[in-house]
Amino acid sequence: MKCCVIKEESSRAKSAITRSLRPIQSVEKEEKEEKGKMDYMNGPGRHHLFVPGPVNIPEQVIRAMNRNNEDYRSPAIPALTKTLLEDVKKIFKTTSGTPFMFPTTGTGAWESALTNTLSPGDRIVSFLIGQFSLLWIDQQKRLNFNVDVVESEWGQGANLQVLASKLSQDQNHSIKAICIVHNETATGVTNDISAVRTLLDHYKHPALLLVDGVSSICALDFRMDEWGVDVALTGSQKALSLPTGLGIVCASPKALEATKTSKSLKVFFDWNDYLKFYKLGTYWPYTPSIQLLYGLRAALDLIFEEGLDNVIARHARLGKATRLAVEAWGLKNCTQKEEWISNTVTAVVVPPNIDSTEIVKRAWKRYNLSLGLGLNKVAGKVFRIGHLGNLNELQLLGCLAGVEMILKDVGYPVVLGSGVAAASTYLQHHIPLIPSRI
Amino acid sequence: MKCCVIKEESSRAKSAITRSLRPIQSVEKEEKEEKGKMDYMNGPGRHHLFVPGPVNIPEQVIRAMNRNNEDYRSPAIPALTKTLLEDVKKIFKTTSGTPFMFPTTGTGAWESALTNTLSPGDRIVSFLIGQFSLLWIDQQKRLNFNVDVVESEWGQGANLQVLASKLSQDQNHSIKAICIVHNETATGVTNDISAVRTLLDHYKHPALLLVDGVSSICALDFRMDEWGVDVALTGSQKALSLPTGLGIVCASPKALEATKTSKSLKVFFDWNDYLKFYKLGTYWPYTPSIQLLYGLRAALDLIFEEGLDNVIARHARLGKATRLAVEAWGLKNCTQKEEWISNTVTAVVVPPNIDSTEIVKRAWKRYNLSLGLGLNKVAGKVFRIGHLGNLNELQLLGCLAGVEMILKDVGYPVVLGSGVAAASTYLQHHIPLIPSRI
Amino acid sequence: MKCCVIKEESSRAKSAITRSLRPIQSVEKEEKEEKGKMDYMNGPGRHHLFVPGPVNIPEQVIRAMNRNNEDYRSPAIPALTKTLLEDVKKIFKTTSGTPFMFPTTGTGAWESALTNTLSPGDRIVSFLIGQFSLLWIDQQKRLNFNVDVVESEWGQGANLQVLASKLSQDQNHSIKAICIVHNETATGVTNDISAVRTLLDHYKHPALLLVDGVSSICALDFRMDEWGVDVALTGSQKALSLPTGLGIVCASPKALEATKTSKSLKVFFDWNDYLKFYKLGTYWPYTPSIQLLYGLRAALDLIFEEGLDNVIARHARLGKATRLAVEAWGLKNCTQKEEWISNTVTAVVVPPNIDSTEIVKRAWKRYNLSLGLGLNKVAGKVFRIGHLGNLNELQLLGCLAGVEMILKDVGYPVVLGSGVAAASTYLQHHIPLIPSRI
Amino acid sequence: MKCCVIKEESSRAKSAITRSLRPIQSVEKEEKEEKGKMDYMNGPGRHHLFVPGPVNIPEQVIRAMNRNNEDYRSPAIPALTKTLLEDVKKIFKTTSGTPFMFPTTGTGAWESALTNTLSPGDRIVSFLIGQFSLLWIDQQKRLNFNVDVVESEWGQGANLQVLASKLSQDQNHSIKAICIVHNETATGVTNDISAVRTLLDHYKHPALLLVDGVSSICALDFRMDEWGVDVALTGSQKALSLPTGLGIVCASPKALEATKTSKSLKVFFDWNDYLKFYKLGTYWPYTPSIQLLYGLRAALDLIFEEGLDNVIARHARLGKATRLAVEAWGLKNCTQKEEWISNTVTAVVVPPNIDSTEIVKRAWKRYNLSLGLGLNKVAGKVFRIGHLGNLNELQLLGCLAGVEMILKDVGYPVVLGSGVAAASTYLQHHIPLIPSRI
């Protein structure tokens, strides 16, 4: 009877199997007219979300956000906000910094970091190593800063030797800020922020250090105070595992001081408006998202319950496991050297005869799996596995097993199971017991 | 036995009743040390949310938003976004406008309206009639526009005679834009936008017409195309009845044209970045909130199911009923003339011997009711009843009954039931059957 | 402009208003063909749920239940269950009782109470005072007990004089159990359980005392141990303010002892299966609803935070306020004497020329309000206002304002506002400050 | 920097790794005093739920259930119920059957099936092949039926030869019913129901055919009408992927006829009470769970959108993949012959030196994975992987990868990746495109 079941698959399903072995484009053409309905995300089982953001939201956080609006001027919201501002500093590892939780995205957080501390025409050094550093540089230029771009090949980290050289030559301190992306999400490259601080200190250079920690903070080791970061920022939909909507910016005392001389025009992104309301104890110059505040509370509670260092160690485990799988598949990591490897995202280089876009399409259409596309220079050449946020080992292994099948689908001669074997061999030695269940 | 129950009230409750008859300040002092816990919003029953934003979210919308993140580059999100951009135009009553859904608040939407169409130094005429027009003017000044402020007494609408005079004198068209708040949330004053258009047309003046529709669109009659509005904007947490997080801006073809000459610096708020992605069919230059998109879909579905004109008629009913209650209480509406009355918010003037702040505090502490504070010039002098968004008559009557008790609490000699009687006498004649249940 | 809005109401809405003044039946006929769609509950604003069960679920509890399934054999669920079994005893005011949380309804809880303690043929005395006591008696008969029915006129409480007489005559203790509904939901009548105990003690009669506390426990004063109740039971969708699905039964040591001789056949409802699993520490003989367990945890937390005695006092306030409104309307309470008045439900008698069913229909179709129908003997003659569970004063006043308008709709010459005035005059003197906000 | 991260793992995490290599019991002892808190389920990432019920609830269904209560006597709930009763028949593949949706569990559904169709003393033939058939037989005996038990070794299916023999000898039709579990969840054995029908027909025997389809209906091929099943039943928390709380029973016309002569006492479980309310069009003799009704609507919509036959084919795929993995691990399936293999649950036999309980414990404590315990006769000897309900291939592969690591943990010499490889090799050939995304 059970055997028949397979035979009895409806004709629609059968033809779907047949189609699954043909390239997807042609399938699309012939069936486009079937579509038109709204919510066509439905697929059996849980969706496997492995883009490097937005990432999976824990059930606890979804629950905490499942609520009506409230008056943000009632006593409850300031009391909640107060705890959030205190606790959010911990994920930046700062005690001296001042956090701002803007109702915006990472792009808005970038703009806030720049316009509060700098003036149009100011010279800044900025590292171009992939699509997101590129976009930030584009923003820096359009906001009329004088951007000194230090470019690396995509797959490499920031060229700090060039920085050293620029700093050594900048006797009159014309460089007002160094802008660097901690973790370039497009290529899976992590820069060494402490090394930037070492250089600045070495040359006794007063430039501000502005760091995009969008895909690093709360996942990679990040130490705002120890590394002398002046502005650090992240977005809620990354390692914090919330919906999009909070751009969290943390400013050092030196950065706050810099606002006094900044001539950039801004109102929405103005830190001083926030500081005014912090003093009043009402905290918000305009309406925050009530749901995101309660969500952030739950997200931070989960992170602190697990332990921030344990969270970072978990990301290190997941990153390592992913890289071992890629190696076992015989594929190359876009990250060119071990020193730059990223524990939040792995960009996998596909062989020249394969289009990585096809891999991402097939993941979604056949396996209910979302992978990251290759962007810009690496479009078609890499696909990306995001492994950040509230994620565990078995989720990752399911994803890796899926990637193996997709590779086979598109004609790459992978040994099915090989990546999972490599990853799980490592993981089986390193996964700790879940502290709350011991 | 039942009688005893009341006698048997725990000592805590009993002293709470006693305390409820004393002024709240003293109570606060003596018990401050009891507090410290986080979620001290809990009170029995549903919270009654009657601030003029954020407003009550319908259960259907809360449900639609109760979800995990998704990859916004998958086929699902662009397909969803496309329907939203089409449908959101309907609430502006425009077919020629182009909508932008920024992940921001109303304040961000304001900034977007200004910086995309104008250049620093541009002369604009702006009407100051209350706290929110004041804040917008503050933003206009800080963004370096040359603001020609036309001030009215708080409680009055925009002085259009002054505008007429300015337009008639502006032969060389130095005025680049007229900025006007459709509904001033602080005083409950609705301006006549069509009259502004009539004046501009009369003087054949090419100034752009920028309208803050934050507390009007989707609740009051608003006609972007008919009134020749160039930029209209609203926020998701107002009449759309969503969480905060979407600043929705709609631009006329003339406003889009103006972006070509605008020299204001902006990136996050740049319409042209959106237009680029609209053309690509991916729609988003940066990460949107997945949850708000699905929430907006559900919110629009509810509005269209009820019928936009029926929604507007419902707001007219609720506004009228509220004003009748205020009249029955013997209190004055902050709005000075019938022509300016607002159907989304009523600002109630309290007698000189009463502090309206005490009313708002008591509402929250004793009746689980959130009312709006008096702001700035009218602080202590008015309290506000928001009656916008997904709200019905019995909810409003519960609120009005609560306000009556609070007025009594603070020593105002109101006849309990008088406001409810006046409101329900009107409503009983005007409430339609619920279309979906006929 | 605002005036026009009302004129401009869409033709559909306009005809809805017209229709709202005609009897609903005719409307139904002419438009029946418009229907057919599924979710036709949508109406603007929150639904006002005032049936005496299922009642409003607090947002906190909805949130707690918003979750995936779990393995009920993992360590988490027994740990949770243990706290629930301990805490649920508090709402029965028992320390010696043993609680059982059946995945069933009140009807199932009734069956469990009877079949675990009695044998077919056993003589029981049962009071018929309304629809729910009638249904329980029907069950008792069909389960082959020998039921000695003591009937009262609907609107009166249990006739304890007849009980006294029966007990005095029952020298050989042929009566095995007294079955009594604490609060008859159909007529709004609360029986005096302590008086039953006094009689049993007076006659030194060993009969078991089985009490249906479905619409009383957690809302009315109920004292299992003090009153010597042998089996008490309630349902989750009543004063606990949860979804339907838990039938909570609490058994005295004497009731547990009675299971040893009971010859009634049962498996699903067998207490001894539960006791076996209690000993094992796994608690569940079969699969419980994970969501209801977490929901019950949240519901109990809310009740204990407010204070059970404060919860009972709140019900007393809401009941009193409702009765004062009914009196102000010039209508009669179905409850015939003050000693039987119910603080969880009020059955309002309508004048002979009015059909109470029309009132309930109109509440739903025009005011988004659910009222309770008159049942059986009082069908068409009473409608019921449930005021139990997680409910506050302003919610109730909104409901009362709605009832006034409906009374007017159906031709009863009520003075609009009169009931609200009477209720709020009382409430304004008795509402305590919300403890968590002082 | 990244390497250090691992070194920097907090001491708590480090000792957790160390502990993870020791047997769990000793760990438990030494740390028991750390516990005591409530919600100790929290672990990073999604929980992997692979018990054979309760199973994962799709996000769409969780969303649909995220709602307040409603009056079940309003027009909305009967309208909803009507569609459910129509549609639920489809999952039984019946047009002539009558469904009943009891607010109960599978155990209650069993009781309902028996007590509505049979009388105490009636002879029934019942097959004992594992824990759940054992429990049903226990219930049958305690309800005073005369049970003729046909026992098989655990791991084997129902012995139909014995049935044939009994039928052939039962000339006077003393056998009133055949009770059979379609899929024994404890051993992963699927019985051939059509063969039972063939035997009954062959011997022209009028016995009723009662089938427990708890872990089969909506997942395995089940044909109520074609196979002449008289009562079929399932529970909401199994393949329907809902919370526990609905026991769905479907009765053939012959079964309905049998209620007329049944002398078993029952009220809560009485079909005729339901039939009475079906005729009235109000459907419910007592309060249903509003949330489960809306959840069932969403669950059925998802199933019909995927296609019931596609759902069954998906279960066949997942079952086959699991068995291939078990084979690759060198372990035995508890199911002894191919003809009995189950596509909803696989019971894996562990080597004699391993305690399967330890595997289940470790899954939960280290891998956030719930596996099924071995029950009764196979306790300690098997662990079970449930693969039913709303589940997809990558979820299963994640689970299988986890099981491999656990096997290694407990000392079984598995080749990591071997099971995943075997499963994915099969799956990569058989997974269809997701119909809604083609």
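We call the chains A, B, C and D, going by the order they appear; numbering starts again at 1 in every chain.
Assume a residue touches a chain if its C-beta (ideal position, glycine included) is under 8 Å from a C-beta of that chain, and two chains touch if they have at least 3 such contacts.
Nothing here was measured: the structure is a model prediction, and the numbers come from that model.
Participant: Just how many steps, at minimum, does a route from subunit B to subunit D need if it may pass only between touching chains?
Facilitator: Counted as steps through touching chains, the separation is 1.
Participant: If I rank A-D and A-C by number of C-beta contact pairs, which comes first?
Facilitator: A-D
Participant: By CA centroid distance, what chain is farthest from subunit C?
Facilitator: So the chain farthest away from subunit C turns out to be A.
Participant: Counting only Cα atoms for the centres, state how far subunit C is from subunit D in Å.
Facilitator: 34
Participant: What is the distance in Å between the mean C-alpha positions of subunit A and subunit D?
Facilitator: 39
Participant: Can you check how far apart subunit A and subunit C are, centre to centre, with Cα atoms defining each centre and the answer in Å?
Facilitator: Chain centres of subunit A and subunit C, defined by C-alpha means, are spaced 51 Å apart.
Participant: Counting only residues that touch at least 2 other chains, which ones in subunit B make the list?
Facilitator: 40-41, 56, 59, 62, 66-68, 75, 364, 437
Participant: Quick one: which bits of subunit B touch subunit C in the complex? Just the residue numbers, please.
Facilitator: Those residues of subunit B that touch subunit C are 1-2, 4-6, 8-10, 12-14, 16-17, 19-20, 27-28, 31, 34, 37, 40-46, 48, 56, 58-60, 66, 190, 192, 194, 220-221, 302, 305-307, 309-317, 319-320, 341, 343, 364-369, 390-399, 401-402, 404-405, 408-409, 415-418, 420-422, 424-425, 427-428, 430-438.
Participant: Can you check the complex and tell me which residues of subunit B touch subunit A?
Facilitator: Contacts found on subunit B: 38-41, 47, 49, 51, 53-57, 62, 65-76, 79-80, 83, 103-108, 110-111, 120, 138-139, 142-144, 235, 237, 243-245, 264-270, 285-292, 297, 364, 370, 372-373.
Participant: Okay, in this complex, where on subunit A does subunit C touch?
Facilitator: Residues 59, 62-64, 66-68, 75, 437.
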